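Take a look at the structures below.
Paired with chain B in one complex and with chain C in the other, chain A is shared by the two complexes that follow.
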Partner chain A sequence: MTSVRRRLTVVVPAFGLLTFAVLLVAPTLGSTPISLRRVFDSSIAWDDNVDAQIFFVARLPRVLAGALVGSTLAAAGVVMQALLRNPLATPFTLGVSAAAALGAMAAIALHLDATFLGAAAIPAACFGGAMVGTTIVYFLATRVSGGLSTNVLLLAGVTLNTFFSALITFVQYLVDPADWYRTARWLLGNLDVSSYTPILASVPLIGIALLLFALLPRTLNLLTLGDDVASGRGVDVATAQRIAFLSASLATGAAISLAGPIGFIGIVVPHLVRLLVGSDHRIVLPAATLFGAAFLVSCDLIARTIMSPIELPVGIVTAMIGGPFFLWLLVRKA
Partner chain B sequence: MNGCPLSAIGLRRCLTVAVFVAIYGLWTGHSIQAQKPRVITLIPALTEMLFAIGAGDQVIAVSSYDEDPPQVRALPKVGALIDPDVERIIALRPTLVLLYGSQTDLMTQLSRASIPYYAYRHGGLGTVSVTIRELGVRTGHSREAESLASDIDRRLAALRQRTAALKKPRTLLVFGRERGSLRNIYASGGRGFLHDMLEAAGGVNVFAAVQAESVQASTEMILAQKPDVIIELRSTEIPAENQRAAELSSWKVLGSVPAVRSNRIHLLSGRWLVVPGPRVADGAEAFARVLHR
Partner chain C sequence: MLRADNVSFTYGQGPGIRPATLSGISLEIRRGQVVGILGPNGSGKTTLLRMLCGMRRPDHGSVTLEGTSLDRLSRRALARRIAVVPQETQLAFEYTVLEMVLMGRHPHLGLFQLEGPNDFDVARDALAATGTAQLEHRRFSTLSGGEKQRVVIAAALAQAADIMLLDEPTASLDLGYQLEVAALVTSLNQERSVTIVISTHDLNLAASTCHELVMLRQGRVIAAGPTTEVLTPANVRELYDVDADVHVHEPSGHLVVVPVTRVTRPR
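Up next, the complex of A and B:
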């Protein structure tokens, strides 16, 4: 057994166990105490069973959405940092998130949820925006350099991020106060998806992205050493970069469509995991995917209980916990 | 040079000029002393109050969001809370600007231009009649303002008295929600005119303990609070019954909530319900009608 395989057999079950425990505990806790015996008591009619409704209608979809979004953003963060060879890269660096947010803003401003598609209008417009943003960045990065230049990718992505952000501000400026409030609240992110439908809609997209990520760990290790080294070791650099960029963009678009732009996961979780398990992407990628789920679900548990009966936007908690904890680990490691 | 400024010729000239000024003043309907106030209002609720007390003809410009009463639609728009058009406001030569208490930059600019302003902040129902009376004083319509404010106070007091003996249903008052789902639900907290209207109508706000005007309510919070009645407000009219039923069907998933089980979910639509203006008593009475059916 190779050393990587040996470490994988320790690290993945350890993170898996942690995530499983969090996913098991999170739906049982909240601002309202519930009895698990009543939740699963089939002799109580559904309409009479408040505990079951809190568990299955309010908490479980939220925990599942948190797990999906946390995993996806953490994994996308790992891929982006390796692709761009930049530790500050996040899933939101290359303009995909801003383009997705612009799509959602347009849907809110045009009241597409009232006139077209109903509840699916905002997620659909959001995902559409992400794909338009991805196409523009990809077109620019391949057009300028022939292949997929990471420098051009980074420059074009950051520029488009700023450009789309300005357009978001413009849309917010134009809408009336009620819609402005909706746009501002959407930009904070929200895991209270209230049903399983949006989760089921995002699963195929996130599944495809995660499958593509599974092809990448060894290649990402070589890409971090430079294109020439990777090429010399037999990696088709251009193809690997395309897969990495497109899969990370797909993952980001799907995650934002489900829960809005929840910050900090894509940068804190990959670095936390690297500090704990080293930098080999064959270990970091699965570990970050698992830990991302546990981290975001835990943050959401805090967000929905700490100021009960009101709830905090989960993005505030991810930043307030992730930031200091990350700095503490950084100093301790140094 | 003649040492006396009021010589016979000078006096005649002065009288001639004075006569011309008086004729011009009468002809144009203006006089410097009795100039009618020129009011710019950046707050839709206050615009409605001005028209309701008979000071509508003093309003020379309104905010971008003013739509009521219909006469304001023809008036110039001069921005709103975050984007007041200062140049235009000054150019219109107002004698009074009604603005939000948080528009401190605009207050500074108006002070520099020596333009009086009236700073307003949203409050509870009590603020409505107080504001109406103050606007009456500022616009010379004290009598009409007193009559309107007293009428509102009297109607609200009568409503409180009528509903005092009735059962007080625990009520969730929703004023925002994503269409077709239970995401991003905004409900009235325990502060503000909507909360006060609900209490006057004989309802108990399920989020009365939250000291804020709005609460973002998750489905868990609603399931835990178990409201007997849900009142959902929409600022746009929804006349079709099937459309109203479709709008409310999202609530069915929360079957254990008493309001859902007993089908006591009411959709009230119209801008008049969500503006803390002269129609607040109408709004509170509309709440009471659905609460005590």
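Up next, the complex of A and C:
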């Protein structure tokens, strides 16, 4: 059996290369063919250089957003599955996503982007919703049991998820048809950011979450064996669970604020990675973080091109792949 | 070396099954001993083990390791001294046997430190000591019950602690595996000088492996001392409401307990 160090020196460069290749190729492909020579030809004025505009305004931000969101949701999925000791958990299991979505729905319904804060209104409300949801779930889970009970966490999270989803439906019912269309589009998840500002805004939040994730891998291995085993091996279980829950929630909130609730990344990617590299989180976590980027950018490439010139929201593509995959996992397990 | 002084504990309000409470428990685990904790279901055996490894803090009284209160030791420091083998180990994800045993090295590794050659040596040595070396590359979930239990004990052994607490290590095993685990406990104690505390329902396991016994009923110690002195028909009756014959089994030289009838305790 090779050591973790040796496996890391194979796995990380392999997934790194794959992701790098996808990120390099994806912006050059799309419904309109572009010439890379023209894109980087500085002798052509920006206003006349349609190729450069497509590359730098339409495609590159989209690819970068896809990479960031894909990495974040995949890593958050790995952490959530270990924390809840449940391979079927996703970053959205504990209600953070529904709370985030409710925040976005409220911002759309109240036209906050027209009256207040401008384009940042919806992401800001969304992230605020995620943090409120996280606080409620955390409060419930610590209140009932002194420590942080993963059972209560799961029950409270799933219940709040349903409750917030009901509120989302309620908001959608109240708004006028034009706003309803915006809410529905938002809920599908979309990487069409067409500017670098929201990406840059989410980088610090995602950065903090990923740094916290980096503290966790060996501890996550032990948490999956159960609280008693982890504690007996020297893990401060309550602290580890708090860091895992709060960092995964932060990551999820930031990712949803950027691209809406893009489903299934957080479960498909971790499982594909585990099939390839085993269950040691010291390898799974970096591999899933890299592969998440490649996976979501690839899905978005399909979304942009498969029904060209129509662009699908990427959430539809990930759901088409993720739904059957999820069922396959379930059946395989049984 | 490990002492409980007048330890009491009550589980707080909360949902779920309320395990037993403990009241006024004092005991001392001496270095090099194998100590058995006996008692009926709900008598507080598991709770007592949790106190002894510092997973739970007593409401009153204290647990000390060589004079230092467990409260003053970090989880990590404690894990380097005391290893725990829980009743059951259920995996949410697949790990190989070697991966499982290497996880025992957790309290010896820094935050970002990976296992080095020394850790692999310790893990392989633990596999050899538990007779599971040939299972190294197998997935844990494909092992039999007895193999799993031995691998879990190997992981605890890799922790290199001088005290090992085992919570009903034979509870879900058939007779053959029960004997294997009993022999393993004895060899760890004799050949590796591990001080061992076992909670068990199996009186004959206790009789054959334990130097000393602590008998718990309803969270109190009703008898404690050397096995040959404490394992008496009177104490078994007091403990389980069962009339039993206890006699020396000549070939093995240790006591055997033959349960005869259930008695009704006058209320």
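In this section, the second predicted complex is superposed on the first by the 319 of 334 C-alpha atoms of A that agree within 3 Å, B and C clash if a C-alpha of one lies under 4 Å from a C-alpha of the other, contacts with A are read in each partner's own complex, and residues count from 1 in each chain.
The rule we apply is simple: a contact is a pair of C-beta atoms (placed from the backbone, for glycine too) under 8 Å apart; a residue touches a chain by one contact, two chains touch by 3 or more.
These figures come from a predicted structure and were not determined experimentally.
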Is A:A58 touching the first partner chain B, the second partner chain C, both, or neither of them? first
Which partner does A:T28 reach: the first (chain B), the second (chain C), both, or neither? neither
Where does A:S165 make contact in the superposed view: on chain B (first), on chain C (second), on both, or on neither? neither
Examine A:T305 and indicate which partner it touches, taking first as chain B and second as chain C; both and neither are also allowed. neither
Can A:L215 be said to touch chain B (first), chain C (second), both, or neither? second
Would you check which partner chain A:V4 touches, where first means chain B only, second means chain C only, and both and neither mean what they say? second
Between chain B and chain C, which residues of chain A are contacted by each of them? none
Complex contacts: residues of chain A adjacent to chain B: 30-32, 46-50, 53-54, 57-59, 62, 113-114, 118-122, 173, 176-178, 181-182, 185-186, 190, 192-195, 304, 309-311
For chain B, which residues are in contact with chain A within the complex? 65, 80-81, 83, 176, 178-184, 186, 207, 209-210, 212, 215-216, 218-221, 223-226, 235, 253-256, 261
Complex contact set, residues of chain C against chain A: 12, 14-15, 53, 55, 74-80, 82-84, 86, 89-96, 98-99, 103-104, 106-107, 109, 111, 114-115, 120, 136-137, 156, 159
In the complex, go through chain A and note every residue touching chain C. 1, 3-5, 81-82, 85-87, 144-146, 215, 218, 221-222, 224-226, 228-229, 231-236, 274, 278-280, 282
